[in-house]
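Next up: some structures, all given as structure tokens.
Shared chain: chain A. Partners: chain B in the first complex, chain C in the second.
Then we have the complex of A and B:
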């Protein structure tokens, strides 16, 4: 048993600050936690029940030592409330803001001291806590009609910023993707990114970790944990606060100096941790890594039915150092014999607007052993394409076992086709360049240790 | 009257190769052109009518000289068909493929010679022709159930590649945006990008031109026309075939050498033509320029309610050389007096999750004269935001007259809010970085001549 199981997989949860007042955070979280799979104890000195659930006046009255206590009361009350947790909780998520991030350093130090003294691990303060669809654990104080939650999946989302955690979870939910956990560690007074990475490295239900951060307090500790995690499974990091103005913005956001970005970035690269450059790429790459295993090489083949989209993809490959080697002569010969003469047999292979479903498979099969990964581009408006294309691509993917992503243009049969491809573990992207950026992190150009 | 009105605003159109056979291009275009606002003459020697519309055996039999004849017959038939157009057409769009792009240079030369001899301007060959929702002119041979068409708008889409024209039109249609024209010039044997740019420079209904190209035959001519256009209205160019592999791909796609990209790019920059780097940016920037006038400066203010998203936007500004100057001290003082103390009064201004609608206006009003453009970021899941925010931002935009774009996170009230903002001419983007890239081309960092 891992000591942080009390945070990630609690069997019992208390909510200090449970409320019956519609719209208040204590009411939102109360409602979320009613669905929790374990035992749930609301705490509020002024109530004996809320919506029929018995309420405890104090954590002292709880019938057991809970794994996790969620504290949702104003910052000045927190030390006294935490002191009352002696022997009653293994971990506390302090949602309350108003600690170091607003200059109240001493209040935060007091809370850290108390936690140590009582043997209670602390998440936060100034954090949203944790979301897990598997445990039905949800401490996010935004109601479901305001924030759609993602379904079950194997991607863990780890964010220093609360708002970014919400944005990432929402974006995942809206694109139909799932998570194992979403966690926001806020001021990281005790539990920090390194602790969370270490936990997720061991945890089998998590296949990929996507992480947003602005600053790191203990760089050496962070890098060591990130390296340990990246040896076990893909770790994607979006580091904000890069340029001068970005660093200034990050500083006024978290109150910590972000440090020289170039140094951070170079350490990440040396450690095999994949850095992404923006919000969409974090999601796009996270999606690819959630459904496919990375490949060992860096050479890809592109099959398209729209020449121009193939050229744009080739441009994007060049930007990222992905190789697009020409087809071997024997393969060219074979394809020339099996495809109409006006198709362009090169890399990209351009099957033109005359393409029929099966020709994608003909092309892919002929280059299966030549490349380390594949990008399929389909302008789905053409007459010769049908939903059968999804079957053929899934079959190819099953046989090749190599990374395969797709870009489909909007409209036509795209909706149905994309759904089927996604179901078969083939990520679909809305532009040729985003498909390449998704595929990029499935390739190994000698930097990443996993594979 | 402009000589190319016969292509862009024809009063009469002939379709050579009209067909009644479901699924054939000649049938698809026949159906599209039945909705054409002018006079329409299908031509087919084997029919006297299709769906009740009288069909002419030959263009010789047409009752008038048509402005535009669309030729949809196999390449080898085209010279003879074109010869029959003597005195019967001012312009011909040769949709047929099988000319220079497949090595049949002499066939193409023959067609060009004929066009000159007969005084008929030619679009193509190997092109999709032209789409205009205003004229209900639609020569695209993909049926509407396979390719959604955009509504009326003021953006003209000019593409060397047919498939890219389709992809761009489709993407615009799916995001609810409109076009004045979509045109694909294919092999450009006669009418080329330069002719089209010159026409659009004069044409009042077009406010922005977005153009995809892979190669240019006469560089000097192209640059001169692009410069003339860019002096009148924003011209956005996506040049594909940049790197070595991209150039190889472009070459096998169009059969022309793409030329050294760096040279092209540097000429564009010197000429004040805005180059975009990928498919989505072409659409994103085109959208911004379709609804707002560019500003003269390069200094922006950001107002957010999610610190992290503000930091990501600041990072993207740094990448593009957009300045994010700190707030003047007097403005800081004023905001400190008018906003809760825990809001971060800097640039970005962070209104936090506690924000209420009206505070966005408070913040924006206070910095209205300080910056050349504004980015509003809203995590819409928070309780204090409502659809009223759209009204307030629209009012601010009306008063300031400066560029203003928005990023809204997914979910919550975003759908309703985004619709209202778009209606008020405020483009909404799905990530903070894409919002910056949209705003970027509304700013003037000394490169662009328009404004």
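Then we have the complex of A and C:
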């Protein structure tokens, strides 16, 4: 058993600060945790029950040692509350704010000291805790009617910022995608990103990790854990605070050039860890990596029925150094024989507005062995396209085993088509550029060792 | 502990921790740890230029200015000195710079491919090494890469390859490729110096790279801030 199972897969959870008052965080989390699959113990010295659930006056009264205790009381009360957890909890998520992030370093040190003394691992303080649809574990103090939760999936979301965890979860939920866990570690006084990466590296239900971070306290520890994780499964990092200076009064070139972000980013790149540039790319790339395995190579083929969209995609490829090699002569000949003469047989292959579903497959089959990945662009307003395109593309993907993503314009059949493609593990993007960025992270340039 | 670290420890023990390092002191250390530096003679402030001068012309004269980042901005550098008269004039001129502790006279370095190799202590990663192509590439494009010290040979290779300008090293547009082993050796040695935890900053800028070697033309070093 992994020591952090008590945080990720608790069998029992206590909520210190459970409340019956609508509108209080302690009430929201209480309601969330009523659905928890394990044993749930609300704690509040002023209540004996809430909504018919028995409430304990103190953690000392709990009938067992809980795996996880969620502490939702003002910061100055936390040391005393934590001290009462002796022998009663294996791990505590301190949701309360008002520690190092507001300058109360000594209060945070006190809490860390207590945790060590009592053998209780700590998440936070100043964190939202954990969300897991598999165990219906939900410590987020935002009500479900205000924040849509994602369904079950294989992507773990790891965020230093609470707000960003919420934004990422909500964006995933709205696009119908699932997560294995969402976790916000806040001030990382004890459990930090490295601990979480190590856990997720071993955890079978997680296929991809998307991680937002602003700072790392111990860069070496972080890189070592990130490397271990990235060897096992895709890890995408969005690092914010890129403009932060190294704050060095240096008289050397080295000192002046060693900006905090530049150093971080350079070290990440040499370690083969993928950084994404913004929120959108974190989601787009995470989407691609949640449904497809990355493969080696950097050469893609594009099949489109809209010339302009193909050109935009080609431009985006050029920006990222993705190659669009021309079709070999033999392939050109074969396609000329099998397609109408006015189709543009190049890379991109332009099947024009006259396209019929099956011609996408004709084109893709002919270039299957020539490229490392494929982008399909479909203007869905044309008369020759139907929902059958989804079947053909998923059949092609099953045979080729190579990365394949799609961009569909918003036409009449797009909703149905996109749904079928997504179901078949082909990510669909709302613009050609975003499709290319999604595909980019599925191609390794021969660098990263995933898969 | 590596040989380089031990050499640095002894160097610091003999020299003591007082004041900033002067260029000729840093170069003495670099020579001790196996790097090539131009042949040079340090003339302390107030002392006269030896006659005849024991190094062949042309020569370069540089002000020894502790803690100053750019000697040339203060008029502290004279290049291409052709004879004894020129040398006396240059040393006298540089001697007028108030803070100059002396003048370092060196043989002119042949032009090669200029690179910068440095080390500093990063708040997140501890001792780190920097590599970049020199001149405009550093000044204008900030084309540099960083890695955690110390580095083995493979790590040093990855660091060098992480810059966009790295292909200039492999022979670009008819230029002969530079010797990769001497460069990697400089990078590894700098990584061990900064990784020793005994110094706070080191800057070899520029290092001239040739097909058959690497020459450290200018060097700065600082102790850790107390």
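Just so we're on the same page, the second predicted complex is superposed on the first by the 435 of 451 C-alpha atoms of A that agree within 3 Å, B and C clash if a C-alpha of one lies under 4 Å from a C-alpha of the other, contacts with A are read in each partner's own complex, and residues count from 1 in each chain.
Definition applied: contacts are C-beta pairs under 8 Å (C-beta built on N, C-alpha and C of every residue); 3 or more make two chains touch, one makes a residue touch a chain.
The shown structure was predicted, so the numbers you read here are calculated from the model rather than taken from an experiment.
Student: Could you say whether A:353 touches chain B, chain C, both of them, or neither, answering first, second, both or neither?
Tutor: first
Student: Could you say whether A:216 touches chain B, chain C, both of them, or neither, answering first, second, both or neither?
Tutor: So A:216 only meets chain C here.
Student: Looking at the overlay, does A:270 come into contact with chain B only (first), chain C only (second), both, or neither?
Tutor: It touches chain C, and chain B stays clear.
Student: With both complexes superposed on chain A, which partner does A:412 reach: first (chain B), second (chain C), both or neither?
Tutor: In the superposition, A:412 touches chain B alone.
Student: Counting residues of chain A touched by each partner, does chain B or chain C come out ahead?
Tutor: The partner with more contacted residues on chain A is B.
Student: Do chain B and chain C touch any of the same residues on chain A, and if so, which?
Tutor: On chain A, the residues that contact chain B in one structure and chain C in the other are 246, 248, 250, 252-254.
Student: Taking the complex as given, what residues does chain B use to touch chain A?
Tutor: Its residues touching chain A are 23, 97-98, 102, 142, 145-148, 159-164, 166-167, 170-171, 173-174, 212, 214, 238, 240-246, 248-250, 252-254, 278-280, 305-312, 314-319, 323-324, 326, 342, 344, 346-348, 350, 353, 379-383, 409-412, 430-434.
Student: What part of chain A is in contact with chain C in the complex they form?
Tutor: The touching residues are 215-220, 223, 246-248, 250-255, 257-258, 260, 262-264, 266-267, 269-270.
Student: Sort out for me which residues of chain C touch chain A in the complex.
Tutor: Residues in contact with chain A: 67-69, 116, 118-120, 122-126, 128, 130, 132, 138, 142, 144-148, 155, 158-159, 162, 201-203, 205, 220, 222.
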